[in-house]
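Single-structure report; data block below.
Chains: A, B, C and D, in written order; residue numbering restarts at 1 for each.
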Amino acid sequence: LKIEGIIPPLVTPFREDGRLDLPAFEANFDVYSEHGLGGYLVLGSNGEAAVLEEEEKLALVSLARARSDGRLVVAGTGLESTRATIALTLKAADRGADAALVLTPHYYKARMTPDALRRHFEAVAEASPIPILAYSVPAVTGLLWPVALSAALAEHPRIAGMKESSGDVGLLGRIVAAAPRSFRVICGSGPVLYPALCVGASAGILAVACCAPGPAVALYEAWKTGDHARARRIHEGLVPLATAVTSTYGVAGLKQAMTLAGFKGGQVRAPLLPVSAEASAELRDLLPQAEAAAVV
Amino acid sequence: LKIEGIIPPLVTPFREDGRLDLPAFEANFDVYSEHGLGGYLVLGSNGEAAVLEEEEKLALVSLARARSDGRLVVAGTGLESTRATIALTLKAADRGADAALVLTPHYYKARMTPDALRRHFEAVAEASPIPILAYSVPAVTGLLWPVALSAALAEHPRIAGMKESSGDVGLLGRIVAAAPRSFRVICGSGPVLYPALCVGASAGILAVACCAPGPAVALYEAWKTGDHARARRIHEGLVPLATAVTSTYGVAGLKQAMTLAGFKGGQVRAPLLPVSAEASAELRDLLPQAEAAAVV
Amino acid sequence: LKIEGIIPPLVTPFREDGRLDLPAFEANFDVYSEHGLGGYLVLGSNGEAAVLEEEEKLALVSLARARSDGRLVVAGTGLESTRATIALTLKAADRGADAALVLTPHYYKARMTPDALRRHFEAVAEASPIPILAYSVPAVTGLLWPVALSAALAEHPRIAGMKESSGDVGLLGRIVAAAPRSFRVICGSGPVLYPALCVGASAGILAVACCAPGPAVALYEAWKTGDHARARRIHEGLVPLATAVTSTYGVAGLKQAMTLAGFKGGQVRAPLLPVSAEASAELRDLLPQAEAAAVV
Amino acid sequence: LKIEGIIPPLVTPFREDGRLDLPAFEANFDVYSEHGLGGYLVLGSNGEAAVLEEEEKLALVSLARARSDGRLVVAGTGLESTRATIALTLKAADRGADAALVLTPHYYKARMTPDALRRHFEAVAEASPIPILAYSVPAVTGLLWPVALSAALAEHPRIAGMKESSGDVGLLGRIVAAAPRSFRVICGSGPVLYPALCVGASAGILAVACCAPGPAVALYEAWKTGDHARARRIHEGLVPLATAVTSTYGVAGLKQAMTLAGFKGGQVRAPLLPVSAEASAELRDLLPQAEAAAVV
């Protein structure tokens, strides 16, 4: 499984009445396809997978597959139970996903020992027809990733790597160092993409890539070609926007930034609330700043 | 809605192959019905609701209703999305639940402001035919309960109170003090039942009541009749077991303690793992200690 | 060492220019002496020991001894190094302190294992001519108290108990249960005094006792005589003030509440800042509410 | 004030009896002086300033000044009270310190608002004859650094920058971006030196530089000259040792690593404890690994 470059975690646009807006979801590919992206993630945290029904999820996988121009399609299939995760992974594979992103179960977080997590990921990988990627996002799960777990998981032929979304560059580097090179570590936090690449991340699945794919790809390319001065410049222009659409305003902020940038962001689903007018104004200012840094 | 006394959060026994064991679930009522309990909670955290399918959930509600001898049946119906929570609440009411326990949504925890939570609970209460109880359990959700939210929710005629499972007696007391008397605050942490009753909890939904219903009810009765010396004595005998079946060993520990006490605990569902033989031996020692304290 | 009842952690009044105001410190005893207090703590967190010079500390101990009417005088002598803590304990004993309150060292908090803490407390107790009390205050130190440490410390003849200021009633109860009865556990958090007494605290060292000694003593007496209805009523009246002068506004709030109540609070020392006018107005409202609850 | 390159936070060797070992402290300069270091920090966290008496501190400043060969000497002078910090800063300047490193006060951490911290640092800078550097180390203080504070402090002509020891590269980058270029941000965490340099740190004050100055300086030089491949290689060799002498084993681990590397580490002062034989064996293995990475 080749995982490289910048991969947007696609949002799921909803209509005002809360129903799925598949045409809006589809329309965004028209622009994304022009940007040299490394693939697409559907059903991630930014895709509001936590509030989607199974039939909605599968419709989104099918559509992403159809519109991906052969690029990588990763589908988020992690659920709290191992058996339910396996069932959804099989269905996502059936709809054409190239790989599954499996979130750490976290409801019973005090019980999610390294051993329990290892068994979970291995059981899913064992049953899955497609490669899986583990997904650690402590801001959601409250679980810190045990570094040694990566090395253990890397031994399974269908565990291809992980998405590391803590924003802790030191931790990401230790994970890279502890696992074999074949285990790909994907940076899941836009504000630290540049330093994460420096310490060994092989790709970025980043909210900011949904609303500003150009600068995100430009940063990756600059780093790839060894132009660190340019990479750092784009990084500095991108950080405020990347922070705003994640820790500051979350999915609703990302969707609003997408709408402001000409994409179809759509509504969020309750209990999420739309962002305020002030937040929207702030996002409107940050978008051109990110674009400008990549132009110079 | 009258919520008083001790309410066990019923476990969901699974067979070795991971399937639901409804006869085991049903058999436990034979003993519970002899204990002067205040009702039953089905589909709580200890009921492993997070790993149940919807059809399994509804079968459990129906069975609890049938076996409750007219006692209160509360069903856990909280999901991440508001619309899904409403849909499940309607179905649980249809199966005979007297009230719904609605967990705070928490996947997007950084966005779960007091306003977002209030809208969520009010939307569910507005659509629900039965009273609802909010459910705060920070060890699972990572969300601290905002004290002022209780007073706001109390204004809705179908929000009857909340289950407060932080184990923070000071917080529980502040919630009691901030809300009108009609808003019932239920202690969700066995190790602090006695001090929680002292500062105003009206009931206890406690894991330990699943494996040691006698001592739990005895503690409640002692407090109710003003026998604080006896209440504290039972409290001290119960705390080690109550701690073991929650923070130390979790649901798997509770199920094992139930099995050791003659109930049908059954297996846990993956990714949860069964407890070790050492843990089992420890639980075997703690059970009689809890029973003994209530006898004196 | 008899430690019972309510013990105010005396504040250290400063003049506008930052210098110690010993006459103000002394004047407060005129009122305290009328209240049936169990003794005095000098050089605690509320006494701003962290910003006092050694000669200032010793002057305060001497003055407290002189004005205590034979009541217990406890002096805070904990410093980061073991040898410095021993040296200060010896000097405090020489100035007449009956016991020393020894804060957990916490600068190197990741290294403060149960073993390191035990050696520290035992070394101080070994060298001290007076009994010592361990002092755990996680909001300051970031260290959670290991329950088993209490039982270990209780074996030393000059370690008389501890002040537990986490506000976690469950933890306080577990400490009481784990140690022999001779090891006294003192509640260090006013908002949970009542439930802490219920689970076994033998005394309270409480900021709120500095500005509202009457209600604090009344609550303790009500509990002592088994009048739980009255104890809970005073508790509810006292909690808002007790919360305001600790977690909400800290030492500066306590000093302002004292000044409003007719005591001599004096200024705080930088970097602490005085409270705002709004905070002062809030404190002015909370004081009579606390007094009223104890009158009924 | 020119702050560049690698600066070891000098340890303070103690004798077996706990007394200061000044000859050991002095001897380490013989080796350090050969390594192209950017200067020295005396009285930092690794210097055990928290357990030193004032006269000991001043003796160490004098000795560092005398042995520094004209390199920068920074002295840690932060104490809990503003007035005591000012007094110590004046004395350190008098003994020849070029700059003072001022730790955030943290005993009353809930009160250390951005405003309180700003006033503290400005008061010290105002009174100080030498430039000051703010010092944020959340693992010790429990205080997160407010990004906007850096920009505010940068306006004072004698606040030259800060030491940022959270290990959070994203935060360090945001601080760099928010402040003017004249405000130097020094990385205080060896395991993230390389990515921190990438996002704008201008120097590193790193425990690992005390026991492995060669590789630390080599990493800095590789980054400085744009040789990112070499920088990352040294980084990967250095991280395990840098982690071991900080978060894993702390000051005692650092001192033992120094002793193993031929420096004079000396003993720690109680309540710190020496490391175990197993820890020592681990450090013995990590030292050559760090050196080897810099040789290639």
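Rule of thumb we're sticking to: a contact is a pair of C-beta atoms (placed from the backbone, for glycine too) under 8 Å apart; a residue touches a chain by one contact, two chains touch by 3 or more.
Computed from a predicted model, the values in this text were never measured in an experiment.
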Most remote chain, CA-based centroid, reference being chain A: C
Interchain centroid distance [CA atoms averaged], chain A/chain D, Å: 36
Mean-CA-position distance for chain D and chain B (Å): 50
Arrangement of touching chains [line / ring / star / complete / other]: ring
Chain D contact footprint on chain C (complex, rising order): 18, 45, 50-51, 53, 80-84, 105, 107-113, 115-117, 119-120, 123, 139-140, 142, 247, 250-252, 269-273
Chain B - residues contacting chain C, complex: 167-170, 173-174, 177, 189, 191-192, 194-196, 198-200, 226, 228, 232, 235-236, 239, 243
